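Below is one structure, written out as structure tokens; the observations come after it.
The letters A, B, C and D name the chains in turn, as written, and every chain counts its residues from 1.
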Amino acid sequence: MPIDLSSPGGATLALLPELVLTFWALVVLMYVAWHHRDGHDMRTAGGLSIVGYIFAAAATAWLAWRGARPEGLSFMIALDGFRFASDALLLWIAAAVAILSVRWLIRQGILAPEYYPMLMLATVGMMLLAGAADLITLFLGLEVMSISVYVLAGFDRTRRASAEAALKYFLIGAFASGFLLYGIALTYGATGQFNFDLIGAQFAATPPTLMAKLGMGLILVGFAFKIAAVPFHAWAPDVYEGAPTPITAFMASGVKAAAFLALVRVLAEVFPALVDLWRPVIFGLAAITILVGNLTALSQTSMKRMLAYSAIAHAGYLLLAVWAHSDEGTAAVLIYLLAYSVTIVAAFGILASIERAGARTVRLTDLEGLFSVRPFASIGLSICMLSLLGFPGTFGFIGKWYLLSAALRAGQTTLPVIAMVGSAISIGYYLPVVLAMTLKPARTRQAHQTIRFPRPARIAVGICVFAILLLGVWPNTVLNFATQTAVQLRQSELPIGPR
Amino acid sequence: MVQLVWLAVAFPLFGAVANALLAIRRPAAKTAVSIIGVGVLAGAFVVAVGVFNALVHDPRPSVPVVLWHWMPVSERLSIDFAFRVDHLSAIMLLVITGVGGLIHLFSVGYMRSDPGYARYFAYLNLFIVFMLVLVLGASLPVSFIGWEGVGLCSYLLIGFWYEIDANSDAGKKAFLANRIGDFGVLVAMFLLWWHLGTLDFVGITMRAGAVFPIGSSAALLIALALFLGCTGKSAQIPLYVWLPDAMAGPTPVSALIHAATMVTAGVFLVVRTASVFALAPVSLEVVAVVGALTAFVAASIGLRQYDIKKVLAYSTVSQLGYMFLGVGTGAFASGIFHLITHAFFKALLFLGAGSVIHALHHAFHHAHSDADAQDMRNMGGLRRWMPWTFSLMLVATLAISGVPPFSGFFSKDEILGAAFARGTQHPIYLVCWALALGAALMTAFYMARLLAMTFLGRFRGGDKAAEYLHDAPWTMTGPLVVLGLLSVLGGVINLPHFVGGTGWLERWLAPVTETARMTMTPLPEVEGASALLLISLAVAAAAVGLIGGWWVTSRATILTPAQSPEEHGFWRAVYHKYYVDELYQKVFVNPTVWLSRRVLWQTVDAFLVDRLGVGGTARLAEGLGWLGSRLQNGQVAFYVTMFAVGAVLILRTLVR
Amino acid sequence: MLLGPSLALSAVLFVLGVAGVLIRRNAIVVFMCVELMLNAVNLTFIALAQLHGVSGQIMVFFVMTVAAAEAAVGLAIILAIFRHTQSVDLTHINLLRG
Amino acid sequence: MASNVTVTTVIFYVFAVWAVGSALLCITRSNALASALWLVSTMFALAAIFVILQAQFIAAIQVLVYAGAVMVLFLFVIMLLNLEDVPHDWKRWPAWVVGVGLAAVLGTTLVTLHSYTPARLAREVSTMPSPVDPRLVFPEGNALAVATATQGAVGSVAQPLFQGYLIPFEVTSVLLLAAVVGAVVLAKKKL
């Protein structure tokens, strides 16, 4: 189904998932405006928002099913399998986070149902960021996402940590936006274009210039912040710890996924001609991110912080596939992001259920003896840890396998070795979690009695854990899909030659 | 029938899931747990026998069983979730389900009173699943699932009695040492992928010869990386430290995982990838030397341990060294042969030790004594109360010492013979042979000492406790009897020519290692007279060791760790009566003891390897992590400074 | 056209903004320095728009919108933290660390 | 013509010095209110430079929206919080040295953009062999002036904004919605 993106009708059609979601966010906002008193309203708003995600997913599926593709130039927004896959990934993460939030918010006494419209708007931003075909859309999508997430990080207004997390995220985020924007300006200057394909064509036709190099460097800085690559990572542990737990899950999986998807698209469409320039940068970022993330995670006692550093390390692994800059690499990014998000959502879902109302954060020692009281929760968390570790037979292993093999096939051997060293280090912090739950006795008799695992969260986490195991041994459908999708990112033929 | 091999995995998997659910929902339903736990193993064994039988009549030496496409890489290349039934995996299948089933049965009696009974069986069944995946896997990644999985189960079972902190630490240590090894396997896997473009075992075997020239450095690197994995899993120098600590788990676990099956996975892997090792002769030398050294060092440490399970643990390390020596000389079938016979007699020894510990534990418990039920100084004279256990342990001791015609004699003799034969080509193997012979002597010595301290003499655990001593019930002794029979007769599967045998196992495994053997220079035959001399030397070593061990132990005074003063005088009298022994002790035993205890065990093992090697690395990593954590000082200003440094670096990289 | 001088002025202002973020500790002032960075980038866009066409100016329009939105949310966040700490001094806002 | 260019250049540099000076004062004044006012001053100077660079409409918005509305919001919050004047803590001089040093290094990298002239940019953007007339490569460079003359400063921006840039324009509405809801949620005393 060719869509003319320069016409208003075509643009509407192409943006259908985002529009549906925005519209539904307005619907929820309308509901919220009159009903924001008690837990019941919270639940209804949450349920309504999940319906919105389903509608948006249906719209995405419809576009994908009709084989929507741009007629002529991909204008402002991309229309390819990669975007649909990205949208599906981001929508499922958002929906899962919404499900996990429903009872958690009520338990923590955060009775502000505006949470759900904000989450939906953040998702709209993520979808625009990951689906942008134009630097303007990219920047605006990024800002919609960021602004919503700043607010969500500070949503638990009664806790100082939450406000502090929001402030840190906001200040450093705005700072990073400045760099990204400068990069966009210089890229625009070097080519006179904002459109990905046109910039790519321009770069392909001319040797790299000073302005192009600086522009690309600054754009990379902006992305490095969003994916929390070392040394742009320092905000992540603090923000992850302070933010409400479901939002931490959202940031660790959704925001990171959106940033990575956009990075892959930008590097594949805008800067393919400058690959020899940006590869060393990605190499350095990947190496230092893997090492610092894993080593620092070793000395953490708070679960959220540990997972934050582990998220940093995983960003480092993902950079391997970015380095590869190939179809395998693109597919590997998709697979790994799915594997990682499934795992991280399940892990944070379980952690959220363990958190007591008002308590600061779950520490490793708080998990001791969990197995004897909550066997299913502890088995689930153990499986998540093993998946993050890349234990064979889990989905995490498949993801890591594809990352490493993509990098190897692109001719890189140093990074895979660093990644494997990092993965060997990571045993030192994932394993103690399993150890504490299964092999240590509970500190007190009353420990874990306050754990409430509401049914929606239980179902969501259960599905995730099941998916980790199932996709670990039977991943071919997903893999085939990712491989087919990845090829489409390269297939965008340029109807207009360079100027 | 061969295609049904997945059932052998599915049965224990079902058992694991069912027992896990029972552990969570109905931990008290012990009968159901026993029926499921042992039943699935029986089912798997039946499948194994069927598969084996089918393979005997199958003209193909190797049958792929593709279950589904696991990781499609590209249109033409995909890693399947597939099993490969060939002569090697079929025989491993039999050993694992057979010995595993017996140990499951033993566990029914042994763990009966444990509150974590259902959880225990869930772990044990899960272990069998992973072990079968490991041996049946058609490609390295599939086997790697099993490889990592058995490590996980091993760790869960070592820490099974989690109330004791040391146990969970031991579990952690085991997993850590294994992970270092696994890193090697991963590296090897990616290097193979990189060079050969395949990870299927058959593919590796076929392509390796075409891609790597003999003696190529790439093949050497891959082989050494693989071997690093093997040293971790099979507890060889330098990663052997975890195995003695692993004895913290229940004794049947030690028998199943840390003696009969999992720890032999390294040997199995070397045989599986023999074609790569064969292309890098240096790697085989490394395997042989490490094996021989481990055999010698571990045996010498075993000489002076008092914990009955520790003796057996060091003995296992030592015997694994033998197996590596075997495969390192290119006598792959001999390595597997010893693996099988070792599975029989070492499982028997551990289960026998388990019976002893079980009985003593029971007795001490009733006598309100807090003596250590695993310390051999608290035993003695148990032959009176536990005749069955004693005679079966005696059989196993004769087998492990290499006394003809017990099974261990044939397998050990083959390895020694092969090492000697290879020594005529390369002198380093002669050194290995000498080390192995010394190890054989020490093995016989410490086994005789163990037997003498445990079953002979008089009971040192107090008369009150003695009243409660008795042989184990039949669910426990029954498996011992079967294992005893196997220990005696196990040798028949590969009877050498000089006793009229046909070397069945060697011919059976020939297709598996054919490529590797074609690459290597053939083992020279040792001629009649020198062959006889070799055998005589081996038998003499066993005999001297056994008699010496028995002699020294039964003459020596054995002090209980909690010795009462009135007993003191009596023991002193005995001590002075045999001052010849004292002399012997001073001249021969004391230096050996000093060497084994102070130098090898405490310095090398506990300090160098444990503290500096494993611990030092961990501490370094933790220190760096602490540093990284300090950088996270909560100050936005500092964070943006790091950010700016990064930005400057990136821009400077791009614009020089 | 003044292309080179404009780009240089933009770079100088941007760097001044960065320096301000690095050395100031009042959250509001840090935020203002970020605004200064955005302004500097706007200058780059405007300078380049002379040659590349009106799209650069339109981007500036969007950047201003973003800046306004960020200001609204950012100042709300600063108000929220002020309620907890009675201060906007970033050196005191270090509950989360390690 | 030549004198006209010179006059423009002089005016440009006057405003440039003004902008840099105000920015310096903005980042060094210890009083937040003073900083804000110096930032407003920078913005005014920039608005003037925008006019010189043929962006009259943007210059107007700069004054109205940025210096006018956004900065007023800043001033409002600063005065609402009633922050006292924090004197510079000279013990923090290492942070200053590091900050200024880093900024200087970054600056030396970025200021190299100074070497760009229209001709150089034309050469780099064009695939044609040099030398190139910038007017051929950048027809819009003049078109901008022409469009401004025919459609007016607002029209030249408005037309593409509502046609070609419709999607981003609509996205900004989502952005503002998110900002409004977010600001209300965070800043309201009681929900």
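Going forward, a contact is a pair of C-beta atoms (placed from the backbone, for glycine too) under 8 Å apart; a residue touches a chain by one contact, two chains touch by 3 or more.
Please read these numbers as outputs of a predicted model, since none were measured by experiment.
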* **Chain closest to the middle [Cα centroid of all protein chains]** => A
* Asked: How many angstrom lie between the CA centroids of chain A and chain D, rounded to a whole number?
  -> 32
* Cα centroid separation between chain C and chain D, in whole Å? -> 9
* Quick one: chain B and chain D, Cα centre-to-centre, how many Å? -> 71
* Asked: Quick one: chain B and chain C, Cα centre-to-centre, how many Å?
  -> 64
* To do: Hunt down the residues of chain A that sit against at least two other chains at once, touch-wise.
  => 136, 140, 143, 147, 150-151, 154, 157, 166-168, 171, 175, 186, 189, 192, 210, 214, 237-238, 300
* **Residue list for chain C, restricted to those that touch at least two other chains** => 7, 14, 17-18, 21-23, 25, 30-31, 51-53, 55, 58, 62, 66, 69-70, 73, 76-78, 80, 90, 93, 95-98
* Taking each residue of chain B in turn, which ones touch at least two of the other chains? -> 629, 632, 634, 636-637, 640-641, 644-645, 647, 651, 655
* Asked: Touch graph across the chains, line, ring, star, complete or other?
  -> complete
* Asked: Tell me, which parts of chain D touch chain A in their complex?
  -> 109-110, 112-113, 115-116, 121, 124-127, 138, 164-168, 171-172, 174-175, 177-179, 181-186, 191
* **For the chain C and chain B complex, residues of the former touching the latter** => 18, 21-23, 25, 30, 90-91, 93-98
* To do: Spell out the residues on chain C that touch chain D in their complex, using ranges where they run on.
  => 1-20, 22-26, 28-29, 31-33, 35-36, 39, 42-43, 46-47, 49-55, 57-58, 60-62, 64-73, 75-80, 82, 88-89
* In the complex of these two chains, what residues of chain A are touching chain B? -> 167-168, 171-172, 175-176, 179, 210, 213-214, 216-218, 220-221, 224-225, 230-232, 234-235, 237-238, 277-278, 280-281, 284, 292, 295-300, 328, 375-376, 379, 386, 391-393, 398, 401-402, 404-405, 408, 413, 416-417, 420-421, 424-425, 427-428, 431-432, 435, 438-441, 473-476, 479-480, 483
* Asked: Where on chain D does chain C make contact in their complex?
  -> 8-9, 12-13, 16, 19-20, 23-24, 26-27, 32, 35-36, 39, 42-43, 46, 49-50, 52-55, 57-58, 61-62, 65-66, 69-70, 73-74, 77-78, 80-81, 83, 86, 92, 95-96, 98-100, 102-104, 106-107, 110-111, 113-118, 121-122, 134, 138, 140-141, 143-144, 147, 156-157, 160-161, 164-165, 168, 172, 175-176, 178-180, 182-184, 186-187
